[in-house]
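Quick heads-up: structures coming right below.
Both complexes below contain chain A, partnered by chain B and then by chain C.
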Partner chain A sequence: MSPNSRGQANLASLAIALVALVSATTLGLVVADGALANADREPLERRAAVAAADRVVTAPGTTVRPNVLDREAMQTVGGGALDDLAPPVEGRAVRLRLDDETLFERGDPIGGTTVQRIVLVAESTTRTRTVTVEDGGSHTLPRRTTHVELVFATDSTVETVRLNGRVVLHDPDGLRGRFSVRASRYETATLAFEGGSGDVEIVSYPLQTRKATLRVTVDD
Partner chain B sequence: MNGAFAPDSRALTPAVGKALEVGIVVMFVGVMTTALYGGVVPDYRNAVGDEVADRTTVAAAERVENAVPPPARNARVVHRVDLPASIRGSGYRIAVTGRTLVLEHPSPEIEARTRLALPARVDDVSGGWESGEDAVVVVTGDEDELSVRLTDRRTVEGDG
Partner chain C sequence: MTERSSCRCESAARGQLSISVVEAAIGVLFLFAATATFALGVPDAGAEEAQLDQYAQDAATVLSQEPPRHAGATRLSEVSRSESAFERERDALERRVERILPDNLMFRVVTPHGAVGFRRPTDTPSGRATVPTLSGRVAIWVWYA
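Presenting the complex of A and B:
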């Protein structure tokens, strides 16, 4: 500064002060911007994933009972079905995985939000066994089933079949042919045969379950 | 240096200097205020308001979905829903159109909507909430047909 201009020496410090103020304000705005960006948790995307996972593990169409998925129904779950189950998923990239198997994929969800649910996967199996029964004989099915089919040989003379003590089939002339009997899912079924002997084919439909992890990924 | 700053008028220097300083500071404050309140602050308020609106809608939708009971012959469920008293300083409305929760706000920048994921048993969803009221969701019906109503606590108590 030349001696002539020393009268306005204050202006220089004022300018520095203003520059400092502007920098402080800008810094504040940058910090605020960062805070706002960090606080963005994509609530709608997360909600779509949670809703889809919740509906898949509870809806009667895809489950045997809550948290037990029906293997066959899961095999065919498609985009339309998923959108109907959980409307928030509509129009979003989504992937549905059961353990390592991708059941359904739409779009290409990269990153996004993933929701996991530990579930049981139930698969209906058919067990057929042929036993030769005598009067007073009984047979216990090793696994629970919702119904049992009994096929009596034509020369069978069995008159009565009891399931856990309850008479379910009775014919004084001897049972012949195919019969379907309802059983309880909540107790082990023991079949008792009375009145004669014969060959019986017993078909049961036990539900086999295994643990699995259902993963739903949704990306906007 | 000549003219006003000639040696004769040297006594003016402090006065002119102060006037300059005051002028610059006033201008600076004016520019900063305009920049902040004319653009930056409303933008932030809108952005935050939109975010809050999204979350409010999502939380409300989850409360509505959780209120739906498992199949029962005669169901009546009343769930309280926590809503912020205001978003971006003003009241708002949450309405239901079809199966979608829509947040309506006087500011056009702020709006949020989300579709409800409800079981097929739910037959009808109706009603709405105003911010500031004691919001509840009422689910009534039987195992085949449920009706979901968004209303406030006072109305529910009036029903008995």
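Presenting the complex of A and C:
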């Protein structure tokens, strides 16, 4: 009697053992699959996004200087230009956003990898002022500019113009007409006029910058 | 004889806990051990720190190319120049960095003559960038508020 009853118990426990093992294996496979799916960091996608963001904020074609974007140039950044700047984005869905404004979008990047960069957006403005100068008079430009244009009236008798002490224009017969003078954006420009008097139109091109966040999203 | 038979009965009663259940229990333990290594997960990709580093680097690039307010080559070399220059410029520097960085970031700028910004927490991930200037290094730390 006893060997028989043991045998019956073994069959039932074998069934329980198999069920327990199979469910533990299934659970293990599900967890492993989830872990592997989480471990996929899309390295190519990230590389493309980082490269595109990096090139856009440093390329001479789109910037005034590193991290200072040229407003006008950014308007024209299209798919071809972006592919040329950053070849890794070729053939991928990509979106380029400056703050809330979408500059360029190709495909429909849902999710994907986003890289954010802090940039300044520079817009060139034109300031024109006309001053009447006398011998020894000077004029300081309130905002820094990379170059200045001076337009002297035809009856002007100004002979010499100095920019921060350096002689930039000189004509013993009197300066007339339009001249372009290079200035430095690292210092305030003071123009000094010598040798005569006259009306001068001073045109400067100060850059106006505002801060912005550039977001590049790339999706495979 | 009676003793023996009772002994046999006992061993038969013990035999009811099947060896296959014991084996299965050990097997399940082994499987859980393997599952646990997956459940612990893989380490973080470090994308957050990379982004913070990028923010710090961008802020450093922008600042290091800005013209000085008074004297020096750039804004950062101006503040690292001397104690008095730093004292004069510290508020302007703080305002400027605050304006450049997105609103969700906190920062600390350390110059050879002092620091501006917030106290840096030790338990949050942060990004860092340094800019060498004539009179020493200027370090910028950023972290999420």
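The criterion applied here is as follows: the second predicted complex is superposed on the first by the 211 of 220 C-alpha atoms of A that agree within 3 Å, B and C clash if a C-alpha of one lies under 4 Å from a C-alpha of the other, contacts with A are read in each partner's own complex, and residues count from 1 in each chain.
Definition applied: a contact is a pair of C-beta atoms (placed from the backbone, for glycine too) under 8 Å apart; a residue touches a chain by one contact, two chains touch by 3 or more.
Here the structure is a predicted model, which is why all the values come from computation and not from measurement.
J.: Clash or fit: what happens to chain B and chain C when chain A is overlaid?
T.: Chain B/chain C on chain A - fit side by side.
J.: Applying the document's definition of touch, where does A:55 land relative to chain B and chain C: first, second, both, or neither?
T.: first
J.: Report for A:32: first if it touches chain B alone, second if chain C alone, otherwise both or neither.
T.: both
J.: Who wins on chain A residues touched, chain B or chain C?
T.: C
J.: Classify the contacts of A:143 with the two partner chains as first (chain B alone), second (chain C alone), both, or neither.
T.: neither
J.: Could you say whether A:65 touches chain B, chain C, both of them, or neither, answering first, second, both or neither?
T.: In the superposed model, A:65 contacts chain C only, not chain B.
J.: In the superposed arrangement, does A:120 touch chain B (first), chain C (second), both or neither?
T.: So A:120 only meets chain C here.
J.: After superposition on the shared chain, which partner residues are touched by A:182: those of chain B (first), chain C (second), both, or neither?
T.: neither
J.: After superposition on the shared chain, which partner residues are touched by A:44: those of chain B (first), chain C (second), both, or neither?
T.: A:44 contacts chain B only, not chain C.
J.: Quick check on the superposed pair: does A:87 touch chain B, chain C, both, or neither? Answer first, second, both or neither.
T.: The answer is first: A:87 touches chain B but not chain C.
J.: For A:129, select first, second, both or neither according to whether it touches chain B, chain C, the two together, or no partner.
T.: neither
J.: Angle chain B-chain A-chain C between C-alpha centres, in steps of 10 degrees?
T.: Superposed on A, the angle at chain A reads 50 degrees.
J.: After the superposition, what is the least C-alpha distance between chain B and chain C in whole angstrom?
T.: Scanning every C-alpha pair, the shortest chain B to chain C distance is 9 Å.
J.: Show me the chain A residues, by the header's touch rule, that chain B contacts in one structure and chain C contacts in the other.
T.: The answer is residues 5, 10, 14, 18, 21, 25, 32, 36, 39, 46 of chain A.
J.: Going by the contact rule set out above, which residues of chain B touch chain A in the complex?
T.: Spelled out, the residues of chain B in touch with chain A are 1, 5, 10, 13-14, 16-17, 20-21, 24-25, 28, 32, 36, 40, 44, 47-48, 51, 54-55, 58, 61-62, 65, 99, 112, 114-117, 119.
J.: Mind listing the chain A positions that touch chain C in their complex?
T.: 2, 5-6, 9-10, 13-14, 16-18, 20-21, 24-25, 27-28, 31-32, 34-36, 38-39, 41, 46, 57, 65-68, 115-120, 144, 185-187, 211, 213
J.: Quick check on the complex: what are the chain C residues that touch chain A?
T.: 8-9, 12, 15-18, 20-21, 23-25, 27-28, 31-32, 34-35, 38-39, 41-42, 45, 47, 51, 54-55, 58-59, 61-62, 65, 67-68, 73-74, 99-102
J.: Which residues, counting only chain A, touch chain B once they are in their complex?
T.: On the chain A side, the touching residues are 4-5, 7-8, 10-11, 14, 18, 21-22, 25, 29, 32, 36, 39-40, 43-44, 46-47, 50-52, 54-55, 58-59, 85-88, 90.
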